[in-house]
Amino acid sequence: MTDTAVLLLSCPDQTGVVATVADFVWRNGGNIIDAEQHTDHTDGVFFQRIEFTLAEFVFARDRLAAAFAPIAERFDMHVDVRYSADRPRLAILASRAPHCLVDLLARWSAGELPADLAVIVSNHPDHADLAGFYGIPFAHLPVESNDGAQELRVRAVLESERVERLVLARYMRILSPEFVDAYPGRIINIHHSFLPAFVGAEPYRQASERGVKVIGATAHYVTADLDEGPIIEQDVTRVSHRHSVEDLARAGRDLEVAVLARAVRADLEHRVLVWGNRTIVFH
Amino acid sequence: MTDTAVLLLSCPDQTGVVATVADFVWRNGGNIIDAEQHTDHTDGVFFQRIEFTLAEFVFARDRLAAAFAPIAERFDMHVDVRYSADRPRLAILASRAPHCLVDLLARWSAGELPADLAVIVSNHPDHADLAGFYGIPFAHLPVESNDGAQELRVRAVLESERVERLVLARYMRILSPEFVDAYPGRIINIHHSFLPAFVGAEPYRQASERGVKVIGATAHYVTADLDEGPIIEQDVTRVSHRHSVEDLARAGRDLEVAVLARAVRADLEHRVLVWGNRTIVFH
Amino acid sequence: MTDTAVLLLSCPDQTGVVATVADFVWRNGGNIIDAEQHTDHTDGVFFQRIEFTLAEFVFARDRLAAAFAPIAERFDMHVDVRYSADRPRLAILASRAPHCLVDLLARWSAGELPADLAVIVSNHPDHADLAGFYGIPFAHLPVESNDGAQELRVRAVLESERVERLVLARYMRILSPEFVDAYPGRIINIHHSFLPAFVGAEPYRQASERGVKVIGATAHYVTADLDEGPIIEQDVTRVSHRHSVEDLARAGRDLEVAVLARAVRADLEHRVLVWGNRTIVFH
Amino acid sequence: MTDTAVLLLSCPDQTGVVATVADFVWRNGGNIIDAEQHTDHTDGVFFQRIEFTLAEFVFARDRLAAAFAPIAERFDMHVDVRYSADRPRLAILASRAPHCLVDLLARWSAGELPADLAVIVSNHPDHADLAGFYGIPFAHLPVESNDGAQELRVRAVLESERVERLVLARYMRILSPEFVDAYPGRIINIHHSFLPAFVGAEPYRQASERGVKVIGATAHYVTADLDEGPIIEQDVTRVSHRHSVEDLARAGRDLEVAVLARAVRADLEHRVLVWGNRTIVFH
């Protein structure tokens, strides 16, 4: 894999942005290997993801931001620079259900997820052996009281492991606003319904009672509002009257696995831009 | 097509039902060409659809109910008898949007919908020519006041045309409880969202604002509770940030057409059993 | 709708293309409203679709090609210029089956297809009334011999109507190489299978005999090799043992309608680039 | 789980079968909890799956066949009796690719697959640790010559482990007819394409070269004809020009995992009937 940089840009919609940015990259030795743009005409906002090779690029990391600053200023642009060589330190938080964790570990092991897996944290001991099989540190942090002590221990582990991004792989604890604020836009959760249908607990029971013919799963960034963060990926599967609540849950597990994996991969590949409560996911 | 009868049965789950019903049909000269059953273990209810040929069947229509009564009584069974030779008189109610109406007419014309199309009713005049093209009476009943006078005129037309079943093909008027009660379980509506997400008005705008990655459509029987009736069919399609509200609406139209057509066909082929607020749709 | 121009570009993969093209458009007063690119790393080819507004663009139509020529030459670029204001004259060719024709007419009537519908041609008389309903000329050109006389009459009609693009909406005649050559890359066909599975006749019968669990439809540009042209769009639907050949055909019709409509729309919106026997379909 | 028996029946289509079989079960104390039937009108064959509880059933296993024999004879019926309490001894054969194996093990461990996992066999050593993690015997049987010696060693292991059913989880060796004959209808393979498209080697490369917009995977019973056995399950996913051969392979892996798991589960739950080269998969 060639080393590349990715610029994730957003600014008020105006002429000249595409040409100016492309010119900046090219003039400074970058070869653009992918560029995608989107204009939200309702809000009048322009978004771009532009990826270019670094082999001949003249600016070192610590100088790129300064070099690009005049363009950013001129277009009133928000700029996020990522490097393919950076592998973020990732934590997976899980409870008892193994399916999402098993899948993420298998994909990580197969090289599908460009991240360093720093630690697996759980309020249950069940997955210690699995973590060990893949050689990942495992922190069993049981909930022993309702005073938030467990969450503080989780945060301490994440900090000591220098974790940068988190995946909640069916982690059944609600995070405090303070926790969420510590990782803004850096926590991905999988909700086991097609949001905004069936928010809250036991969505498969709700789906069964409403008699829906399709069930879904939703991966989203975690914000302080439960089940309300920006949606990264969703998918659905057909069901029928034959599906009991247990059958819905089993069919749903396959969905959860697939949807969470796609969301985590998009995030790690720097393909997601957040705008308000929505995402632009480039391909 | 061979003439057949369809029994739609429901009763408390118990032993002997399948054997007893099959024996009744067979002993009396019916050849079972399709039988499907379902047991709802949560509620303890047994459902069956059994279709058999009438060529050698000994009971005429007016005697079947009486002949089957001892079995129905013994198993505390709800029985609905349908005949393939009966083509219900169907009305389609539409407003301005043509897509569902155009599709239903094309399918009806191609022989896909076993019904007699009695009348097309609309609060707008737009579809008069289309109705004329297919040779269907068209009643333009505009809304001129808020006193329910238009609905009364609609009901008068339906009664004079001896309409038995109704399809709301993007009909933008809310029906009164009295109207709904006059056609219990016999009105099918298409809602342009994946219910229960985005109930109410402008679901595509709601979907755009929530940034969902999938949109849906739902066909359901109409009950007094808006958007809450038993769901017959649902389907979804993937969307992205590229979809404006108008794009969502256009993609949604194709869904609405497909979902409504499948629901109407299932209903007319006597494949739908309603249980509480849910449906069993046999195939 | 703002008037726009679309450049469809392909050239050997090299640095500077994106910046140079964007700069050309911007420097000359065009506002880029959409740009998508793709690099085929296997063949080393770069593709781009770039759409920009014409309101302030300095070059009139007859001067754009000349103005862009130095860039095209420098990058060894193939350039195709389209204008949103140009509505191509379109012919639909159909045989007996109405479903694709009915759907295309309804979409055209709803403004979904940016083309002028010049004529409907058929080897059967069945659709004359339908064409009349939409006010489109209808040419009934029956096949009376095997000497190609009918095809010559079809071509004469297309020429006299100045037809630029053709849609074969389940037209059951094989076109001669001469016919195909007269409209290179401008004829879209719908094949009723998931190509390359089930090439040739009666794909639904073939699918039934092979016992597949999924059936498909494929829209492709027509080339001299039957069923082998570049695929524009495909889709599939699940089936089961319950589907007879007739059921497969009915389920397939809905697919054919949807796939053909999406392909025609992509083509008319200048979103399709052909490369060898493959397509790049931008969104 | 209640202990149940499943009858998988096929016979020439005729009247009285449903009633007679239901009566036999009921009269002898079985409570029918699921019954599905299908008639292939082309071939004139009737199929049924009937599942009933054993708690009050009067016939022990060794007497059921004899008791049912008069009915089987009268209707010229092929009968296959299965018991939910029987967990077949299953072997998984894999090569280097881990994805299907990892998924099957996780599902088996979660209780989704009603079988005893007897052994994992591979021509490579890679998965020894994984097998060990789940406590399954692992046989590494490398291919050291072209004389079929390896296959003989595989068969010896399967026999010594008393294996009854096999899953080829991307096992890259072609089995000899003798091997296949030893497990008739008891070997399930996953082929990484939508059969019958792209038979043979490197289907993702073939798909890329043909420029398809959808790729698939197919699970089928293995017969002596490569890639030609009865299809149990298929599924597809959309792709685009953006997918390189490697991307197609990665997207395809997720499909392979899902399709193989569904096929193995249907087989183990006694829901598959084979008729000629097709399957009836009851739900």
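Residue numbering begins at 1 within each chain, and the chains themselves are lettered A, B, C and D in the order written.
Note that in this section a contact is a pair of C-beta atoms (placed from the backbone, for glycine too) under 8 Å apart; a residue touches a chain by one contact, two chains touch by 3 or more.
Quick caveat: nothing in here was measured; it's all calculated off a predicted structure.
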item: From chain B, the most remote chain by mean C-alpha position; value: A
item: More contacts between chains, B-D or A-D; value: B-D
item: Distance from the mean Cα position of chain D to that of chain C, given in whole angstrom; value: 41
item: For chain B paired with chain D, centre-to-centre distance based on mean C-alpha positions, whole Å; value: 37
item: Two or more partner chains touched - positions in chain A; value: 242
item: Chain contact topology (line, ring, star, complete or other); value: complete
item: In the complex, chain D residues that touch chain C; value: 38, 40-42, 194-198, 208-214, 216, 230-236, 238, 240-242, 244-245, 277-281
item: Sites on chain D touched by chain B in the complex; value: 15-16, 18-20, 22-23, 25-27, 31-37, 39
item: Chain D to chain A touching residues, read off their complex; value: 98-99, 102-103, 106, 109-110, 112, 129-130, 133, 242, 250, 254, 258, 261, 283
